[in-house]
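When the chains are written out, they are named A, B and C in that same order, and each has its own residue count from 1.
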Amino acid sequence: MIIILIFPLFLAGGISFTDYNLGNKSLEWIGLENYEKMFSRKTYVKMIWATATYVIVVVPISVVLGLCAAMLLNSLRFGADIYKTIFFLPVMATLLAMAIAWEFTLHPTLGIVNSFLANGCGGAREFIFGFHWLPWVDSQQSWYHVACANNMDFPYWLKQKNTAIWTICFIGIWQAFGFNMVLYLAGLTGIPRELYQAAEMDGAKSTWEQFKLVTWPMLGPTTLFVVTITTIRTFQVFDTIEILTKGGPSKTTYVMMYAIFEKAIQQNLTSIGAAITVVFIGFILILTFFQRYIIEKRVHY
Amino acid sequence: MQAKQYIGESWKHGILIIGAILVLLPFYMMVSMSLKSQQEIQSISGGLIGAQEVQTFPVCVKTGYSEETCTTKPYIYNYWFAFEKAPIPRYLMNGVIVTLSIFIIQVLVALPCAYALAKLRFYGREFVFSMVLFCLLIPVHGIALPLYVMLAQAGLVDTYSALILPWTISVFGIFLMRQFFMTVPDELIDAARMDGMGEYSIVWKVMLPTAIPALLAFAIFSVVAHWNDYFWPRMVITGNRDLFTPPLGIREFRGGIDSDEFGPMMASIVTVTVPLIVAFIIAQKRFIEGITLTGMK
Amino acid sequence: MGTISLKNISKSFGSTEVLKDLSVDIKDGEFLTLVGPSGCGKSTLLRIIAGLEQQTSGDVLIDNKNVNKIRASERDLAMVFQSYALYPHLSVRRNLETPLRLRDYNSFERLPLIGNLSPNKKQKTESINQLVSKTSETLKISELLDRKPGQLSGGQRQRVALGRAMVREPVAFLMDEPLSNLDAALRVHMRSELSELHSSLKTTFVYVTHDQAEALTMSSRMAVMIDGNLLQLDTPQEVYDNPSSLSVAQFVGSPKINIFKGSSDSSGTVNLLNLNLKRKSSETNLELNIGIRPEHLEISNQSDEDTFSAKVSYRENLGSDIFFHVNTEDGMNRIIVRGIPQLTHEISNGSTVNIKRAPNKALLFNQEGKRVQFNNA
């Protein structure tokens, strides 16, 4: 029964050492060649780089945002349910559809983001989003001001090398944080109120002290779980990449799942795809065990 | 004291409202574009629903429809044309078939397994359970490629089976139901045995009814995951439009419709996204509970 | 010093009023128990003293200083919670240290690593360590210091919770049903320990319980609260012997006091059942509730004008005492009588017995439950 899951693991391992392509009658044992290719060719280095960037950006931000949102909602006197519903919508919605919706929202000519920015040239929006309020930003040199000056040359968010991966990350965070928020909300309701009162009696005056003494440690198991599941999910990012960037521009968003798909299915290079699969699974397993091992010790009581 | 609390409260609402706007932005864009005419979309005017002026749509006429049919309000045109251009009901139907079959088979497999793991003593039970725990860590998407190779060898690519088979054994479902069954008292099962039930009828007549809340949670989890899944259908359905699931349908639209016909495209996207969202808004408590329950083990 | 004064405290949650204009003066060093059935507002009152809850009106004074506007963390009180509320992720030692660290270290010294650079930290740490080890010795929990709360038994957690309150020598201890999560035997044992602790610390204790036995055994004074009202505040003996109202009389004492319907005639002579109490009520011609505690009734061999007969329905043998649940002949009253085992062991269920009352022990209450005095004539 479990063969459906375990066997493919070995199959992938096996194929990765051959030059097998789907439809071939014969196959040849080529040893580590696929892996050598993977670690020497620029494409694959970029692939690892893109995946790592995505995971490292999306996981912490979506976890922290989820926690902040949960704590804000928890302290609210009214209206919490409405925000909860709204923030959870991206989790329920078909990601692919939402990716397209984002594509148009961020569209250079049709999107409301860029039109919003363009209409704000010289106004308060330029001040806020151009970071003119930061002391070290020269208001004549800020990205916003320059874009305004150059005939509304705002970023083509998804088509530009320097913004594409961050835009994809943003959509990833947008999609993931509601889920984390809901898990944290459940975790927060599990903290006994008496513990906060005890902290208050013990002299924990500020919200921050109470957070440090009670909330954060009590949310330990939730955090462990949230981080693990978000990591696994972000590793599997595919929908947004396939529909929005196809790994480009110049492979800055070439994440592993997309690489597997492109190599194995579109280009029919099954054995390379298998090698990527093996590395991919390896990454996930190592990370999961690492998290379990490191955090489990500190989390349980 | 009171004033201070008000300030604190409104400050929080301020932050949350900004967050909510960011979250809702693409939804707004999607709905708005599905209602407006092409000109309004391109000039970014007309607010949420546009002016809704009756007009004749050139692409429609070019496709071969009479001028009369093509003269209508933009929102009617967008949705009508979306349904004309692509078999959306078919896509939705496929979505229903696939998600329901996956869920039903998952339950048929998971319940007896979970029951055995939780309540029966047999040789190697601990080993099997530790295998389940291990498999829990393997993301199915990760092993998609070898699964695909296996299915290809079996000649199943481009069939319903390809869409359904890999998901039938949900390790997660087994694990979840096992955890739930652990909380069911042994006395209940012993009582059933005393009443003369066999192990299979215990599973279906005793355990199934007690497991309804957990099953519901799992159902929500499973249906949401598979309705929205894009990666796997994209791998195994290569050309046959009759087998397209809703996300594949969306993709087809994006590539298929003339690039300057955004209205109908967005209309189709809204149509595909709406069923789950409406279900969610109606039963949001259940949904959130379900996701939380499955999330927290 | 540790005096606490509550002046005209009221508290409502929405439209329900849980505390109604309560005033209590708690003396320095006394063991004051707030006792009452659940839902009477006693925990709310304790939380108002602690500052965890804000009163709707009225003043709280600690050491004659109005603390209405002062937060719980700055009132210098310590509290023991019903669920103990220990930090589950911290060792016992850290649990004990926490209140000291939060008060003694400034925010810089609490930073990890860099905080150690502060010149005073070492000294402060030492004094903290000393206080922790002193407290843990007093409570006999020294060998538990490196465990986590999850690894302790209920009684041990209870001690740690006490220890956390004790380490920093607060103005007063507030205890919210601290024994209710323990098993029966341990609870009785902890009563004596708490009493001893109180007499050795000589600090003010404010103790909330729904168990009248705890109130009677431990407190120097007890405040009986019912439905948000303070009904009586006095020493346990006085409350027991001389309850101010029917509700207090019924709440305090186990088994419950027996209540008879009776009346006083025009001369004030009190009658119940067929008995004449031979004492005169201060008020004449009144329908009365007459309370007699089980230990003031006894089973007698002969029947005379001071006895009435009743049928035993249930014999409750506690070993040291036997309580007889009996029905009076008119079927109107079901009462409890204490019997001495040696004298009553052959009486069984269903037999009819004569019941005699001890003289001068009856308590009179009018129809509203107010106490009515006897004429001392």
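What we mean here is this: a residue touches a chain if its C-beta (ideal position, glycine included) is under 8 Å from a C-beta of that chain, and two chains touch if they have at least 3 such contacts.
As the structure is a computational prediction, the values presented were derived from the model and not from experiment.
Peer 1: Which chain's centre, taken as the mean of its Cα atoms, is farthest from the centre of chain B?
Peer 2: Centroid comparison gives C as the farthest chain from chain B.
Peer 1: Which chain pair shows the largest tally of C-beta contacts?
Peer 2: Among the chain pairs, A-B has the highest number of C-beta contacts.
Peer 1: Quick one: report the Å distance separating chain A from chain C, using the average Cα coordinate of each chain.
Peer 2: Between these chains, centre-to-centre, one finds 57 Å.
Peer 1: Could you tell me the distance, in whole angstrom, between the mean C-alpha positions of chain A and chain B?
Peer 2: Those two chain centres are 20 Å apart.
Peer 1: Residues of chain C touching chain A in their complex?
Peer 2: 47, 50-52, 71-74, 77-79, 81-83, 85-90, 98-99, 102-103, 148-150, 164
Peer 1: Residues of chain B touching chain A in their complex?
Peer 2: Residues in contact with chain A: 9, 12-13, 15-16, 19-20, 22-27, 29-30, 33, 41-42, 44, 109, 113, 128, 131-132, 135, 137-150, 152, 166, 168-169, 171, 224, 227-228, 230-231, 234-235, 246-247, 250-251, 254, 262, 265-266, 269, 272-273, 276-277, 280-281, 284, 287-288, 291-292, 295-297.
Peer 1: Which of the residues in chain A come into contact with chain B in the complex?
Peer 2: On the chain A side, the touching residues are 1-2, 4-9, 11-12, 15, 22, 69, 72-73, 75-77, 79, 83-98, 100-102, 104-105, 109-113, 115, 174, 178-179, 182-183, 185-186, 222, 225, 229, 232, 235-236, 238-239, 242-243, 257, 260-261, 264-265, 270, 273-274, 277, 280-281, 284-285, 288.
Peer 1: Considering the complex alone, what residue numbers of chain A touch chain C?
Peer 2: For this pair, the touching residues of chain A are 192, 194-195, 197-198, 200-205, 209, 213-214, 217-218, 220, 301.
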